[in-house]
Amino acid sequence: MFQSIAFDEYQLNDTRETIGRTITETDIVLHAGQTGDFFPHHMDAEWCKTQDFGQRIAHGTLIFSVAVGMTATVINPLAFSYGYDRLRFIKPVFIGDTIRVKITIADKKDHKKPDFGVVSERLEVLNQRGETVMACEHLLLVRRQVENIQHRTSDIQHQTSNIGH
Amino acid sequence: MFQSIAFDEYQLNDTRETIGRTITETDIVLHAGQTGDFFPHHMDAEWCKTQDFGQRIAHGTLIFSVAVGMTATVINPLAFSYGYDRLRFIKPVFIGDTIRVKITIADKKDHKKPDFGVVSERLEVLNQRGETVMACEHLLLVRRQVENIQHRTSDIQHQTSNIGH
Amino acid sequence: MFQSIAFDEYQLNDTRETIGRTITETDIVLHAGQTGDFFPHHMDAEWCKTQDFGQRIAHGTLIFSVAVGMTATVINPLAFSYGYDRLRFIKPVFIGDTIRVKITIADKKDHKKPDFGVVSERLEVLNQRGETVMACEHLLLVRRQVENIQHRTSDIQHQTSNIGH
Amino acid sequence: MFQSIAFDEYQLNDTRETIGRTITETDIVLHAGQTGDFFPHHMDAEWCKTQDFGQRIAHGTLIFSVAVGMTATVINPLAFSYGYDRLRFIKPVFIGDTIRVKITIADKKDHKKPDFGVVSERLEVLNQRGETVMACEHLLLVRRQVENIQHRTSDIQHQTSNIGH
Amino acid sequence: MFQSIAFDEYQLNDTRETIGRTITETDIVLHAGQTGDFFPHHMDAEWCKTQDFGQRIAHGTLIFSVAVGMTATVINPLAFSYGYDRLRFIKPVFIGDTIRVKITIADKKDHKKPDFGVVSERLEVLNQRGETVMACEHLLLVRRQVENIQHRTSDIQHQTSNIGH
Amino acid sequence: MFQSIAFDEYQLNDTRETIGRTITETDIVLHAGQTGDFFPHHMDAEWCKTQDFGQRIAHGTLIFSVAVGMTATVINPLAFSYGYDRLRFIKPVFIGDTIRVKITIADKKDHKKPDFGVVSERLEVLNQRGETVMACEHLLLVRRQVENIQHRTSDIQHQTSNIGH
């Protein structure tokens, strides 16, 4: 769904939360297949038994990709996702864990281009026990409020929006 | 392949480069399927024709995940990947573009735990024209040189190593 | 996103339309792999050249599944999807065609259970030329208006809702 | 395998049964990925525990697609699959359930084109306990008996046959 | 479909041919993902341009696996597939090539167990120009003719049959 | 990683061993999907319970493909993989088994082309109990020692190298 949200409409400290998703053995096997990372931490159940964590763990890039995907429900043509800061893997995610994502508008800053501001969304990935397993800050360049957004939305924004997903 | 590399063995400014990989329509469809992000930027060729970029673009999380996977060739049991900084999507990656990753040891720092140091690897993803399309810094907590690494490698390291991949 | 919509809130002739999605060779190969239907109509480009349609065509079950998935944006805990009527494959969908779905509230009927009514949604799948390629009627058993939906939503509805997707 | 079966050769009430197939967690994850339907009924094991059905259930479109695929063993160039009637999801299919399909020639009717008739196959999907979990009627437009089928099979039939799969 | 075929029923020099299947970019990407073989011969279109073959080539194990799968149409409970001899990759298979398999009963031999014989099926994989791209010999241990196969088929055969597929 | 290894550098009886990989239900479902082999030995858990082996078994072509992929760590531009001999499926591989591959340089032979020799690698696939479940001989045509390999490596070798993977 397309929904235009201007820089001025983002409210600091607003939060929303996604529905949940269980991370399965299938997700890990598919992610190894997509990335080529077949490290035994993810793919060798026998070797994992000899380690303290005791079982296979999901790739960090899997949890990050799924978490970002879970937040991708509304297409904002005024916002351009250009990166992430402070991506941290805090706890391992095991097969069968269920994650959900809490999104907080953590910061709003001016940008050198006067028509734009920078919104920083804090993403926290929580497991079924409410523990934070991953966190990062998602950086969005967002057009400021305009009288008639429909007419002024430039193609430049469209061109680059969402490559960060 | 397992290969122990201690903190002291990482040389600042050392670089290595991966082989290449062509990003295909299949990769994008599979990544949408893994993440649930079916935004038209990635999935609707007709809508993309109406935008300045003119064609479907790869998800940022796809390029990040594939790039990290391309660097995952040697398992270092002394290193623990715990996060990424300054992940930036610099240029769009289109279907048929071929990427490779250049890795540079960009920084080495002490850590509060005296047995460890922090290594920062800079990842740059280049396309077939040599343009940087993505960059980030990969943070590794690495055990310092020890007389007999085989005996002193603690299970704690093993426990957490590589969840950042 | 969960959103409770009671039977009485569905408005006859209301329509909504999804965003688009391009049907790719990947989708067909994955659908063959999921269903085991490797018929040459879908999988043998050489044989298709000898037929009047001249090229590979998407499985009907692929178009139906994708179309239903494209409409699955809001989880209505008051509605239970129990079937489809008059599913018709009207035109072939080729690799590279882009489809979108138009949903119309086509019918509302009483049900023998007094607390429920039957809503019939008409799904029309359109290609990039606006041609209808598939159509069907989606049958929903929906709880009637209640004073306090939050409290009265029975587990029985939850139990069965959405198995039709 | 290609095998020409004319309208007159279909015998009312003839039945055949497929071999079985176990529906796995993998099938559900792949189907979510193909369709974009990540509803918690299919993907969130924790949420499902709070519902009466207690566990994740297969998408209706998955069971339908797999069931139709299971029946796709013989390519009849004289038959054109054009739709389905009365598709009903009768019982949930859980991870680990094994389904098979019983096909019955349920009806034969004239068609306005004198060279063709309409065959209605009833598909019943049974689980490992013999319970019917899904049912539908598959509609086939089939060429009538001809003296020399090899020569008279028109390209028009070939053109459209099987898009219903 | 289950169909019992005893050793004595296999006729030397009998041949059958499968329908065709086009090898797609998707197949190669999925096979890399399943096997972990991301060699540039299969995955790097730019590097392939610098080689004499000029384009990506399918993995040999992909062609072998697909070819064996294409022959798997009838389940013979009297036969046990235990291996392959002289598997040769004769010509590269490129994206878009369409393959089919010709199967010839190439040899029949006694086995030390008097109730069994060894059948050797020759598999030849042909592309759309009729060129042989792969060949191998499939070895089957098959029970000899018996008065009443239904009663004498031992569970031992069932136990191991088809692990060669 | 590219690494040139000439015929004369292969040492008879040298061995190496890969890391391990657990064969999952996902691998089997994906392999059925890639090959079209949905035989009940692999896909019908209920039928398998009625057989002596008691549970689903991995396709032979899956184990072969994964095993070959597991050995594909170094790209030798001087070697051309052209086939396999004596591929044997010795024990079934079940869901949850973990395999690794032991590679031995089993034979070195002259070739009619004086610049080349034939290297035969013996591949043995072992499960977590150390049992050999599959074995085969991998045939490599390898260029002999040359004064300056970098300059003399012919494009003809590049053209065909690795199609056996």
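As written, the chain order gives the labels A, B, C, D, E and F, with residue 1 at the start of each chain.
Just so we're on the same page, contacts are C-beta pairs under 8 Å (C-beta built on N, C-alpha and C of every residue); 3 or more make two chains touch, one makes a residue touch a chain.
Keep in mind the model is a prediction, meaning the values are calculated, not measured.
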With chain centres defined as mean CA positions, report which chain is farthest from chain B. D
Selected interface, A-D versus A-E, where C-beta contact pairs are more numerous: A-D
Suppose each chain is reduced to the average of its Cα coordinates; what separation in Å results between chain C and chain F? 44
Where chain A and chain C are represented by their mean Cα positions, the distance between them in whole Å: 28
Just curious, how far off is chain E from chain C if you go by their C-alpha centres, in Å? 38
For chain D, give me the residues that contact two or more of the other chains. 19, 21, 25-27, 30, 33-34, 36, 38, 40, 75
Any idea which chain B residues touch chain A in the complex? 21, 27, 30-31, 34-37, 39-42, 51-53, 57-62, 64-66, 68-70, 72, 75, 81-89, 92, 155-156, 158-165
Chain D-touching residues of chain E, taken from the complex the two chains share: 1-2, 19, 73, 75
Which chain A residues qualify as touching chain E in the complex? 30, 32-34, 36, 38
In the complex, the residues of chain B that touch chain C are 25-26, 29-30, 33, 38, 40, 43-47, 56
Per the contact definition, I'd like the list of chain B residues that touch chain E in the complex. 19-22, 24-27, 30, 96, 98, 128
